[in-house]
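Below you'll find the structure I mean.
First chain written, first letter: the chains are A, B, C, D, E and F, and each begins at residue 1.
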Amino acid sequence: MSKIITFGEIMLRLSPNNHQRFIQANNLDVVYGGGEANVAVSLAMFNQASYFVSKVPDHAIGQAAINHLKHYGVQTDYMALGGKRLGIYYLESGVSMRPSQVIYDRQNSAISEANVEDFDFEEIFKDATWFHWSGITPALSDAASNLVLKACQVAKKHNVTISVDLNYRKKLWSTKKAQKVMKSLMTYVDVCIGNEEDAKNILGYSHSSTDVSSGKLVMSDYKETLKKMVEDFDFKVAVTTLRESLSASHNKWHALMYDGKEFIESSEYDIIPIVDRVGAGDSFSAGFIYGMLNKDTMREAIEFATAASALKHTIKGDQNLVIVSEVEQLKNGDKSGRVKR
Amino acid sequence: MSKIITFGEIMLRLSPNNHQRFIQANNLDVVYGGGEANVAVSLAMFNQASYFVSKVPDHAIGQAAINHLKHYGVQTDYMALGGKRLGIYYLESGVSMRPSQVIYDRQNSAISEANVEDFDFEEIFKDATWFHWSGITPALSDAASNLVLKACQVAKKHNVTISVDLNYRKKLWSTKKAQKVMKSLMTYVDVCIGNEEDAKNILGYSHSSTDVSSGKLVMSDYKETLKKMVEDFDFKVAVTTLRESLSASHNKWHALMYDGKEFIESSEYDIIPIVDRVGAGDSFSAGFIYGMLNKDTMREAIEFATAASALKHTIKGDQNLVIVSEVEQLKNGDKSGRVKR
Amino acid sequence: MSKIITFGEIMLRLSPNNHQRFIQANNLDVVYGGGEANVAVSLAMFNQASYFVSKVPDHAIGQAAINHLKHYGVQTDYMALGGKRLGIYYLESGVSMRPSQVIYDRQNSAISEANVEDFDFEEIFKDATWFHWSGITPALSDAASNLVLKACQVAKKHNVTISVDLNYRKKLWSTKKAQKVMKSLMTYVDVCIGNEEDAKNILGYSHSSTDVSSGKLVMSDYKETLKKMVEDFDFKVAVTTLRESLSASHNKWHALMYDGKEFIESSEYDIIPIVDRVGAGDSFSAGFIYGMLNKDTMREAIEFATAASALKHTIKGDQNLVIVSEVEQLKNGDKSGRVKR
Amino acid sequence: MSKIITFGEIMLRLSPNNHQRFIQANNLDVVYGGGEANVAVSLAMFNQASYFVSKVPDHAIGQAAINHLKHYGVQTDYMALGGKRLGIYYLESGVSMRPSQVIYDRQNSAISEANVEDFDFEEIFKDATWFHWSGITPALSDAASNLVLKACQVAKKHNVTISVDLNYRKKLWSTKKAQKVMKSLMTYVDVCIGNEEDAKNILGYSHSSTDVSSGKLVMSDYKETLKKMVEDFDFKVAVTTLRESLSASHNKWHALMYDGKEFIESSEYDIIPIVDRVGAGDSFSAGFIYGMLNKDTMREAIEFATAASALKHTIKGDQNLVIVSEVEQLKNGDKSGRVKR
Amino acid sequence: MSKIITFGEIMLRLSPNNHQRFIQANNLDVVYGGGEANVAVSLAMFNQASYFVSKVPDHAIGQAAINHLKHYGVQTDYMALGGKRLGIYYLESGVSMRPSQVIYDRQNSAISEANVEDFDFEEIFKDATWFHWSGITPALSDAASNLVLKACQVAKKHNVTISVDLNYRKKLWSTKKAQKVMKSLMTYVDVCIGNEEDAKNILGYSHSSTDVSSGKLVMSDYKETLKKMVEDFDFKVAVTTLRESLSASHNKWHALMYDGKEFIESSEYDIIPIVDRVGAGDSFSAGFIYGMLNKDTMREAIEFATAASALKHTIKGDQNLVIVSEVEQLKNGDKSGRVKR
Amino acid sequence: MSKIITFGEIMLRLSPNNHQRFIQANNLDVVYGGGEANVAVSLAMFNQASYFVSKVPDHAIGQAAINHLKHYGVQTDYMALGGKRLGIYYLESGVSMRPSQVIYDRQNSAISEANVEDFDFEEIFKDATWFHWSGITPALSDAASNLVLKACQVAKKHNVTISVDLNYRKKLWSTKKAQKVMKSLMTYVDVCIGNEEDAKNILGYSHSSTDVSSGKLVMSDYKETLKKMVEDFDFKVAVTTLRESLSASHNKWHALMYDGKEFIESSEYDIIPIVDRVGAGDSFSAGFIYGMLNKDTMREAIEFATAASALKHTIKGDQNLVIVSEVEQLKNGDKSGRVKR
């Protein structure tokens, strides 16, 4: 089993159920999630030795976040305890033409104020195979940004493969700041996952003619972007998911990658209805990491990742609670949804 | 802020959740609603000074109905307390080809037995801009019918614009009685909202060739009806929503209006899946009133009303719990349902 | 009212709600169901004198299963009490491309270990009109298989019509064993309900070219199979439901029958979204039995059964909780799902 | 098995859960209950051939009430369908010093407007052993009062034992009207169940010095009242439950009877906490009827009834969902509440 | 109706239900509360013209807090919108010997960063009768402390009576800082509500021999403290609640006041079980304010406040959702908890 | 951190909530528990390196049981996958004088049919400190009994301390069989936990005069039994919990131990109300193991265990979800239940 390290923030997610709006809700469903934590859970569900590294407050809510990860098999040995608070995000799930709404309340979270004493990266990356982080983590604070840099350096020293999900969050930083920080971090990255918008905001690419709100995708633009990413940053592979948002309940979903040699475009999934699309990108990252570690070809890896992340849309919560055999079955073409007895 | 008065009945709505049938239900979801109350809530959500006027019993359930309105910002200063009971309706929400089912238990409600001493209409319509009621209210009882007449008279004295949603309810009165009562009330009305069936049952129009159960709409018939309504009753504007019921989960929805000069047909929305279609007509009325009070053109008003009422289908309960910016966004064409962060 | 006897197993069904996976669930919805019990409930909802005969443990959970049947009007006078346990099945409902998952835990159930002393078949079939069982019951155990044989013999003595739903369950027996047992039982059967797979596994037919996982149906194969069934076993009628599984949330559904003279193909229903497809076959059986007992033509019977079972897909639980007038309305073409007030 | 007839009203009961107040509740728990229906359910749970006779509306909510009774084994063969509505009562359960609150909405219910054509009393009382009704039923309306009279007459013709639970409801009628109607009905009664307040309001007795709000009981007064009841109306037995209300969560409970020869005072139960005290009196009636039909002595009957009704306080809903062996165990002195494995 | 102003923080309260611990909870109950907001709700339930003044973020969660207040009739005209976040507190309700646990996450809340431009105090206190705040508000931040000072000054200018609930929160400030700030604010206060610990921490009094964890109360100490408070700060009245904590489920509760002339000790309530004790102090403050405004004597005022706050313990959430007649009934001695029909 | 091994069965526990009876329940709360699993969870909550060893089916329900353990930090590295089914137990929680009811359905569970190939005991006990099992495990089957023997032998080889909770289950085996099997296993045991009934049924002691259903405890009998246990089997310590069952909601609880030198009787706890008493004995075992490993004196160990297990009664589910500091606080005498802020 490969030891896989993820590093980032885990938040309390609060969401009304049964299509309720915030203003109607007398109670809120609880899960704990965040980009890298979601990747860690999905990899643990795939039976990988998956670790999530972060800092949470030393109280019952911080502990509950850790226990949520343990529940799904994530290793939490390297979690630091302390700091002021656990970040929160409120999610109101959309339906039909009503969009989902996310309200962040993550400032001053424990991880955003953590420092290098909180983590023994030498120990963490000992015997590790893979390190995954997302563009959200350095956006949290300068301290967090430094931690990512430090982690990348130690990981590289241990010959660990590094993947990043660009994941631009405009509420956390400006494109200017993002580009400054991220471009230097890209030098450590082997596998880059990111969509058009991320490439524009984080890498500064601007040639795309795709208008995401129209739901139309221009493949040639995507190819050009991926090619440029690989060339500019010497990534082993660059990959993007492609979402056509027909409504909050109906999306089309596939992926495209470039490994310096060829473009591979995955099968496309027509997802209707969508149960919960939060974390779909993270589930793709997890599937892609799993695929690169366990599959013979890049095509198989991207097909596994796409099928896995298509399934994520049918699952409540941030995390992709499916196992390998379920992904394989869908990847192998059975979309009929017939009852498995 | 315009002071807007609505007058009618508010009922306790009891509905099984999670697609359950009545026969399965061990508990029932509770909201309080009714045609005019729903209009009042939607207008309050649009930040209008919205009043609901009615009578409810002086006990904890009557009070809970009032508090439900307060929750969403409706002014309840003119509510009368007393009478025997709060009307009830049972709603079983349909899905796919199974229709929703409504069972009314509203006889002898407080408002149906209210009289002119319960309301100080001079005070109520002082400084008011708009008065909205529906064809359900005079159908409740002769007493209620008299109250509507009285309210219209005082409203007119105060130069208040009057809108009506025809809303024929066959369980409450015959077409003969309805026509007799409503035709005389129409003389006070400025804005008339009503569909083909309402026009037939309440105004006695009979030329329509549309068969509602077929889901097909014949636009020329609708235009003819609206034109006749405006001509016969001297309405400033007559407007109708147009619903194509493909199933209990899938409808198409738009609107058509005539203001004596031109027909304006709104954009059409394809709504799938439907969360709760009860109150869609009321949300249209609220949107249209808001539009006429706040928009520059009739086209903008009808587009606002149509977008607002399309959104209503995605929201649980009788009432359209959306704010102006959400309606504007959909009205401006973003139907992609992408997550708002 | 016709006295209709059904005989088989009733199980506790445990299922997570709100699209949750087993691994997420802190509580499970409870119904009690099983092939023949589901038929009995549906017939009771159609106001037939419907009896379910089985054995359940003499404790509170066994009693709760009986009370569940009573709730929907099933007669339980002939239920035997005793034995070790009530069978269980776990159901995780699928959505979109994620399939539903069923885990059986039914070994050593009371009915599988019942014997002939538990049931007074002479009393049971006195004045009875119809006897329905499914291929699941003889698959439970040799003892259960003998009970079915005995029941068929007594039923025939009383001139009771016998119907069977072939319902092959690969977890319960081999095709070899199934064919040996079932072929001899077929000599008692008048009405045979079964799909292509059942015909192959239970009757040993092998000429079908339909691939169920593709969702494509080859009608000529189905016709050939039905014809052969009628010819080989002298059934009065053989009938099959035809499901096109586009996803776990979207199916097409109709039926085909052959009565030795002609093929009748029913109307087709496009079901989206599906609430719960478990028990759809049972609801078809119930509708077909009702139709044969109460309708003038075979076409009317199959149309009633198809409409009834289409509606089942919109209802939570194993059982088709609809009444005759609701089926008639759909059968007569109203698929619009408009609110019934 | 004795055939036992009960006759009265069944209502929809709506109650907030988890100690919520009406004003907080977004959903309400549902059961269907009423004095005589509760007695019928308890007797059915005791394996008696228990019938409930009433009239409910011919719609899904009326049917749900019937199915609720069927669930617990009550025979509903004689239920009439029709009329305007099902009566409702709202219950907010109290706790500690906060009292439970009941709001009735039962006017114009189907049973209150039923008439003699709705029921074939000859058929109903054929082979019957016992007839039970309560003072609530004649209080509903003159029509209902006449139905009770008619039922008593036919019951007497068939030599059926008649029991009444006096159950005065001040919201339904005046003491004057109650005394006029009830005193004449008493001539048919064999077993009279009623407390001090009932005796005062319904039979006009006034010598009691017990102040119910003080929670103190004066046994000599109770004895005098029971004695007078037996003497005045020639009852075979008169019995009363004795409740000491220390708080909404803590009551003491026992019973006292007089059969013309001796007073028997039952064991006392200290009930803390109370889960739901509604229907305690009805559960006592059911226990007493069961006891008189199945026990050897009056002492055993009253002890069975007292233990049964003590248990009722621990059960949610109107009805006493316990079986005979559970009552026997408590009656035999095991109040330890130890886990039964 | 008296216009009553309250000023402070409102937070989102998140609590597991059904005795669950945080670590078990998959969903959390939601209310919005805080010391002064709770007082405002209780006064609104008593039909007073009650205003809550604060600042909440201009997003759906901030709005939901406002709507929660509106629901119970609180006037929110003076609420400011803006700032970063809504404060949160997590509450795990205890039972028996397991204590309730509160985790605060309130730093950087909108109100703690509000400033004088957010509120038009002249407008707010125009025609006002009473101003209530608690020691929590100045503890939030220096900015908040200044706002309280400003509010007191304007209130005094308008001859508004000022009450304070001392409410020391050790997580928010040191006793040193608290004493410095609060002592100067005391000069504006007319009515001071606070217990022994508050007096020690906020006013610096140290002579108490009561050990709160022992559950024993030494009345002479309390009297001495109250007397000193009145003398030192020239309060019109000083009052304290007295809680004996026997367990998380069982408390005794009463109150003691001194008005410069006499000590009045209220009746004592034995509360078992406790549903939710959070906000009991606030409900006392509201009751006392109501009493001083509406009752003839101080004894009546304190008895009203004590009965009101005893009832609070039986109600879920932060707020005392009882009406005047319910308090009066308990105050008049009816603790029997008998059902009110 | 000590490595602690527990070995036994984990079952799916299904229980109605909100005081419902089985016959009322439409859904059931889910936890996974069993004697040794409960000990393992409690020790993991105390931050011990706690392992649970068992076998569960290789399907989603078996996996969910494992994930439940992981959630609370239990190590599941040695869990075997396979076998037919997961055992089940149904729990209806009692209240007041209504006892809790347990229905077992555990035959043919995976662990009961496991064999020696499923577990590598050498690996399991490598570096282990403690081994805990209960009398339930050898009672499951001869195979399970052999596994316990094998485990004890390997544990002893590794100098692991062994504790047993006698836990006689009459549904699983006769006293004769129990005594035969258990007496020989006792030779490996260092610490024996068991009550009077266990001692009688499993060790064959018969001198007790305590009648458990009376709720009275005769301490001299208990002392005699413990003394004999230590003498006969050379235990280092024998300990028993002492429960006085006043009702299902009210128990008194303490413990008594003998270590060959002295008797130590713990403090007594008065527990009212009880939330869930299942697993109280297991929580005592966990507390006692923790105490023996981490405390300086036997008195501290037994006081820790008693306080821990008293707290268990306030927590839903089988397991004691408290941490060390919470136990210490209660052990140190704070039973006031005051809110911890």
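A few notes on this one:
The criterion applied here is as follows: a residue touches a chain if its C-beta (ideal position, glycine included) is under 8 Å from a C-beta of that chain, and two chains touch if they have at least 3 such contacts.
Note that the structure is predicted; figures quoted are calculated from it, not measured.
On a Cα centroid basis, the chain most remote from chain B in this structure is F.
Most remote chain with respect to chain E, judged by CA-atom centres, is C. Inter-chain spacing, taken between the CA centroids of chain B and chain D, is 44 Å.
Inter-chain spacing, taken between the CA centroids of chain A and chain F, is 42 Å. One simple way to say how far apart two chains are is to compare their mean CA positions; for chain B and chain F this gives 62 Å. Multi-chain contact residues of chain C (touching two or more other chains): 17-18, 21, 23-24, 26, 67, 72, 101, 273. Taken together, the chain A residues at the contact with chain F in this complex read 67-68, 70-73. Across the interface of their complex, chain F is touched by residues 14, 17, 21-23, 25-30, 59-61, 63-64, 67, 84-86, 88, 90, 92, 101, 103, 105, 107-108 of chain C. Touching chain D in their complex are the following residues of chain E: 17-18, 72, 269, 271-275, 310-311, 313-317, 321-322, 326, 330, 334-341. Note for the complex: chain E touches chain F at residues 18-21, 23-24, 94-102, 104, 169-171, 212-215, 245-250, 273, 277-278.
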